[in-house]
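Reviewing the structure listed below.
For clarity, chains are labelled A, B, C, D and E in written order, and residue numbers in each chain start from 1.
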Amino acid sequence: MVSAIYILAVGLGAAFLIGLLRDEWRAGAYGVSLAALALMSLISASWVWVLASGDGRAVDILTAGTLPPYAINLRMGLAEAVLTLLINLTGLLSAVYLRDTLFKQGRRALATLLVFTMASCGIVLTRDLFNLFVFFELVAIATGGLVLLSRDQRALAAGFKYLVASQVITVLLLVGIIFAYHATGTLNIDGMAVLSELVIKGGGLAFFLMFIAILLDLKPFPANGWALDIYESAHPAFSAMLSAASASAALFAADKLLLIGGSTWLPVATGIGIFGFVGANLFALAQTNDRRLLGYSSVAQVGLVLAVLGQRDLLGDRYLFIAGGILLAHAVAKAGLYWLSGLVEGRKLTAWSALQGHPLLIFAFASFIALLVGLPPFPGFYAKWELVIALGGEGRLALLGLILFGALLEAGYLFRWFGQALKRERSLEPVAASSFKRAVILSAVAAGWGLGFIWGALSPNGNLLLALPLLFALAFLALEPLSVRIKNSVAIVGMVAWFLLTLPSYDPLQLIFAAVMLLGGALILLASYQTQGQRIGFYPSAMLMYAGLAMLIVAEDAFSFFAAWESLTIGSYFLILRGQRSEPHALSYMVFSLGGAFLILAGFALAAGGDPLFTLAGLAKVAAPIAPWVFLLLAIGFMTKTAAVGLHIWLPGAHAEAETDVSPMVSGILLKAGLFGLFVLLMAMGSQQLYGVELTHLLLWIGALSALIGNLMAAFQEDAKRLLAYSSIGQMGYALFGLAMMNHLGWLMALMFVINHFIYKSMLFLSVGGVAKRTGTRDMYRMGGLITLMPLSFIAVLIGIIAMSGVPPLSGFGGRWIFYNAILTAEYRLPMILIFISGPIAFLYLFRLIHTIFLGQLKDEHRRVKEAPFWLVLPQMIFVAFLLVFALVPGLALRRVDAYISQFHPEGALGWEGLTITSDFGYWSPISIMIVVGVIFASLFAWLVFVNRKAQKVKQFNIVFAGERPFRPETTHFAWNFFAPYRKALGFMTEPLVERFWAAIVDLLHASADLLRRLYTGNGQTYAIQLLAFVVVVYLLRTGL
Amino acid sequence: MKQELEKRWVKGPDGVDFEVEPLRDYYCEAPPTVMPAAYSKIIEGLFNWARAESLWILGFGTGCGAIEMRPLMTPRFDAYRYGIQWRPTPRQSNLFVISGYLSVKTLKRVIRSYEQMPNPKYVVGLGSCTINGGMYFDSYNTITRLDEYLPVDVYITGCMPRPEALLAGFEELKRIIRAGKGEGANQYAERFDWYKANQKRVIHDWDMPDYNW
Amino acid sequence: MSFEWIKIPYALLTLFIVANYGFLLTAVMAKIAARVGRRHGIPVWQNYLDLIKNYGLRSSITHGVMFYLGPVFRLTGGVGLLMFVPTIYGSVMFSNMSFAGDLILALYFVFFGSLGMALGAGESGHPYSAIGVTRGLSQVTAAELPFALAVYAVAVQYQTLSVTEIVAAQQGGILNWTLFTNPIAVAAAMLSFLGSMMRPPFDVVLAPQEIPIGPPTEYHSSYLALMQTNRAIFPIAKIVIYMNLFFGGAASWPVFFLKVFLIYLVSVIVGVVFPRFRVEQSIRWFLIWAVPLGVIAIVIA
Amino acid sequence: MAYIAMTTGFVLILIGLYGALTNRNILRMIVAFTVANTGVNLVMVAVGYLHGRTAPILDAAVPVAEAVERIIDPVPQALVLTAIVIGVGVTALMLAYAYKLYESKRTLDISAFKDLKW
Amino acid sequence: MTMQPLYQALKAGFPIGELTEQRPDLAFITVPREQLRGLLLHLRDQEGFTHLVLLTAVDWIEEDRFQLTYLLHDRKGARDIGLRVMLPRQAVIEGAPMESIHDLWPTAATYQRELREMFGIDFPDSPGVNEDFILEGWREIPPYRRDFDTLKYSNETFAPRPGRESQDPAQYMKAQLYPDGA
């Protein structure tokens, strides 16, 4: 085994060697540097390998051959090995990335880079305080030098500000060190830790000075203006090193110091950390410069890790796993993003739209953002899970809440950025073509995924990257170059195969959801055959969503449930983002979904009591004082997905702007995930009371209000897809209402809605999508009279709206019938009024949908419109057939579920004898209804044909028009503002209060971020004063505590 | 020709230009045909009786005579008891009362409305103006003979005729219908060209198809 | 499958009786309304004449398939509604096809005809048709609400959704009628009834003076004949539901005729006394006056 | 004596920091920082100083056996030496920066370099 | 109550013609064409004649003039005043334009459209003045001009029913009511 000291020796030696070379031998100097960095990486890697495989133990390297305190010692443990590997690799890759710049700058720059890397490693390795100081100073000096690599003139000022700050830190650190030494008589960290009692007693202030100095090296919020300026102006490769390598090293140093400080100093670390995490993320909201934004994000992430370090008392030996997961994810992602920013010419966030057309880079971008936010399957996800579960178990709820809030802010600005990059008009400046740089970035991507795998393997919860559905989804990344037809076929076959494979393991409830999500998904995918080309990005996203759904259904423990939930959220986000003008809607979807997901996470954390392997079944055993809170958190989380009123504002835009075949996926299928969650929740926890309020009653009201508001809003939409989207809110409201009734038939009705809503909403979205595709507009008033040109689409819509409105003889009536039977046994009646009124309102928008599109007057420009493409029509026709069959024999799907629900609600089961379905109150015979209606209809139709066989077919202007004639189709088609009188009567209920509420919150956050960030005046002296003020404030707070 | 009826080129959503010819594309161009009576005489008799007893007047007051129809709805005359009622749409009416003078401008609307009524349909000319122009015999803008333009079943003279006269006229019309002679619609179809020529002679800006279905 | 085929002629008989009663009844009601205005009004057989005349019209047009089917939907809605509710309590002969479903079926089947009609009218391309439909739909949302609440209250009261059982529970004396056992629900339902009968003050849907006649503007001849038939059957079918739910049902045809007549008369009397509401006015009216009654009914049920 | 040194050291640190934070001229700031550094060094030496002992040089005058009682703690002195070296390095770097900054904007006023902010 | 004070007041400011008092509350003044607008404005804004009752024309074919009459109403004073403007007939027929007052009273546009159609008096600035008003597809000279022979036109166009007799109503009724000739 090569001694770890060679890491330092090689770095330093190479730096000196380069100093000896002649200026002209640039390639030689560069080669030496690379070799040195590679060698350093290799040494670290070998240590990682040995220590991780369990063969070796942490080794102390004694310089000068004596034990401390008489000499400086270095330590190489697993954490050190990993961190030095990270630092060296970052250095190596940055050096590769910087090739051109370094060639230009020459050997001095190379030497500085080597010193920087070496010194960062030194910070990690050393166990001596003063040595630590030396390495910190080396890093500072090297930073001062490397900042100048940038072409940006402003970097000069930034570097100086940095030096000013580091001078102040030096003073603090040195004074601290000397007094600590004075108190303990040793400079060895471990030695001091043993004597920590002394430090606390005699040298409290000394330790504080040391500790705060190290913390200041972490660039803590808000005393960090100098660091942000560097991030903004330095060369991105250097920023990558600063953010990934030096921040990691400094964190490790802080960790070491905490050994001395002991548990009393942990809250300080946590406090500063979480303050920085939330504050920096808040400030980042107002940023428009990409690198500065990344700087804020770095500050925030470092704060988070610091907070985790401060929770060491709680996390025990898992803290390395957690802090390491977050730290490595941050380092890889941040380095990757900085490197990526070097490819982009402009510095505005929107300039990243230059990445469009580079799928690999987009993939890298997406991976980095997922790494940062901590989405599965990346390390941050596992880490966050354990962290949050541990915090929840210990009752550190404020911290938990702040962490989740900060993470939500971070996700907000990162995904906003991603959306802007993907959807804004493509920047004209090209992406730098350097293949070196790309290779570096891609190696970061690989590292990220690799870390994901490792963390999965280390996690007690099982490795997500070994889950078959997820792998299947990821496989589509490799299949991207193939054409749509092949990929689509693979996707369909895969989904059906997975369904068949897992079929035996489903209980009836799961079976229904699985059938809807997997088979239904496959059916909708038929529509995707109509697209051409490769459709880059569609299949990985879609399959990620389906993988999440597939895993959600079978999830048994909270972790896999949550992981599946996150997966489907990400997948659907990418899917929604693909729409033409979907950028803001995809963002609001993502923010709401993640907000909901975090609530679910918090709920699980509360419920789990610290057990990361908590099972869903365990929800039933959660005890009284926290149970209702768990219920509330989980329910709200799930309701963000079902878009219950108040949390619904993301849905209309997201569903409406999505692509033609995506809308049915996200509406017909995705919403059901929320229902499934609610099912799971209610099955496990039943109903709960909070301050005497029955929470299911609350859900009843929310469901009823959603039904009313959704339907009402739908009636006033001009855009066909928005109409359908609002209608989904209403339909989900019904389903929620059914669930919340907590009786047998209520649940059955909810399930019926799951099936029905999937069928008719998918069908309608496909049909309307086809029409929109053919007519080039989604505004219904621009259409009209398409019935003869698009008869099949018309039939689909017709059947769909009959089914949806609940008019017999189609299947929607079954839902209504079960609903009426269910409410007869419900205890709580008032919200029913809202449901009763929202029923007829559904007629308003349904009629509007079919009338203004297919009936009325055909427009000039649509006279030659053709029927929708075959592949769009085919699934519609299958849905039509299925609706008819389901209308005739609902028992096929419902009977077993009915029996299954009896486990939970034994009373009120339906009778299924013969053709008639009976309840405790009434009966219903679908086949008889169909026959009676059919016979009457057929006889009357025959009679009309007999008496009216000679009817003259006339055209659209052959209408009586008060003696006049129509002017043009546009002026004759009554379609715009269709329900004007209704708006007059009830329009006050459509005031966008909820939207205003959320907009006010967002505005408030942005405004405060924009106002507060003026704290960073740009003046180096002000920064130094802030730094000192920070120290004083922390000290005062600390002593005041 | 009015601008909105002229041929125009429009661009479809797929970007292909094509021509729209409103008169051909928006209107049915089929000419009216003579509609045969029911196969059986008995049934036709029944129908004629029903038609006579169920006169639905198109509520289109073309001239000052319209004011004389209002009393028919009042308790004093109560035409409803004779099976007469007013309908708001030509599709559901079978009796067109031309109430008084008919300007050329109104004539165009009358022709449209008349043609939109289903066969069989009846026309009653009310007042002298419909017969020979009445006091507007020398007007530059009022037609003098209604039967030049539409087949008229009954004329009721007077300026204005009293409601009683109208009722008497309707009774006369009923007799005609019951006798199977109320075939104005078929006459119109038979002599379509003649009627059209007359109509087009006075209506100079003919901005509609030849037959308004 | 043990279907008793004799039910078909029985059902046709019911249909025949109800249709004829409906023709006569609407004419009588028109006469009553005329008498209020001191007119004689139409002869009682006028409906038959109009019907024959409409079938006797020789020419007709069609705007398309849905236009053609609209009246068929409409009449199917009326006939079906009649078929799904037992007409005469305790009579096998006149229980029609009520084995197919209960009260809920009837409530939702009400919309079948309206929906089909609206679609047919829509295809005619006439703006007035669409305006009429929007008015009708808008009004229905508010007008149906008290009825739905009342039905719920009654179903809770009798713990069943079967029409037959609800009627059975009201037998044995006039005081057993829901009218007296649950007066608030009945009051709410009867206010709703006014709104569903297309008579003043809630007839802005048709509004002959404004939008010639609303949805049926383009309908004529045999289409109109079908719709007229429906105008005869549908109100009675609806009244049968009210009668069964609130007024003790009918055990024989004379009682049936009487009760239907009286219930129908309610809407006529209100209609001749009050002028017409605009749509938003009627919505407000229902929400302010009728819905609270319904709410009280379900709260105390 | 030690207290005088330490007090002087702290006074120098404070003077230095005060000077660095109030002087807008970059060169003055650098000088102020060197004053502060000197103060730090003084404090360090003062901490290591023990009254009545001799320099930590093991020779004939101070035998190894008595060293622990006779010499002052050598570690702070070693530290000071290192710190001085590093301080010189940093000062040099800062001066280089000052030169470059002056070149770029023809001014040495720190408040003129506020292009980066917020 | 007479219009004399008003007339005197107007006369002080405008070169107007004689006052023709038809009733105490109705009078006409002949106004030079150039003064019309100023006078209308004055009457509307200062004297309270806020309502344009009508704008019509008379064809004085013998004097070779068209007369435009602007009738204004003063609601408060309950009085009307008519302004007459004389136009040279031949020049108007040949297309001499007349100033439009639709900016003073929007309703004037309708009257001017009618005058354009019925007399051929052109108001070029008036909105929609060239659209058909009552006559659709008229091909002859404007029908309200006195040189247009409506009887001849009617006989040629409208296929008069033969056998029509015309009588002087007074004579006819006298003969009917008093056949004795008393």
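FYI, contacts are C-beta pairs under 8 Å (C-beta built on N, C-alpha and C of every residue); 3 or more make two chains touch, one makes a residue touch a chain.
These numbers were taken from a predicted model, which means no experiment stands behind them.
Across the assembly, the mean Cα position most removed from that of chain B is the one of D. If you tally contacting C-beta pairs for each pair of chains, A-C comes out on top.
Between chain A and chain E the centroid-to-centroid distance comes to 78 Å (mean Cα coordinates, whole Å). Separating the CA-averaged centres of chain A and chain B is a span of 70 Å.
Each chain gets a centre from the mean of its Cα atoms; for chain C and chain D, those two points are 99 Å apart. Chain geometry summary: the mean Cα position of chain A and that of chain D are 50 Å apart. The set of chain B residues touching two or more other chains comprises 28, 89, 91, 213. In summary, the structure contains touching chain pairs A-B, A-C, A-D, B-C, B-E.
Those residues of chain C that touch chain B in the shared complex are 34, 37-43, 46, 49-50, 52-53, 55-61, 208-209, 212-213, 216-221, 224. Those residues of chain C that touch chain A in the complex are listed here as 1, 55, 59-66, 68-69, 71-73, 75-76, 79-80, 83-84, 97, 99-105, 108-109, 111-112, 115, 118-119, 122-127, 130-131, 133-135, 137-138, 140-142, 144-145, 148-149, 152, 155-156, 159-162, 212, 217-218, 221-223, 225-226, 278-280, 283-284, 291, 294-295, 298-299, 301. Every residue of chain E that touches chain B in the complex is listed here, in rising order: 132, 134-140, 143, 148, 150-151, 153-155, 157-161, 164, 166. By the touch criterion stated above, chain D contacts chain A in their complex at residues 13, 16-17, 20-22, 24, 26, 29, 33, 36-37, 39-40, 43-44, 47-48, 75-76, 79, 82-83, 86-87, 89-90, 93-94, 97-98, 100-101, 104, 110-111, 113-118. Taken together, the chain B residues at the contact with chain C in this complex read 28, 32, 35-38, 46-48, 50-51, 53-54, 56, 74-75, 78, 80-81, 83, 85, 87-89, 91-92, 94, 118-120, 185, 213.
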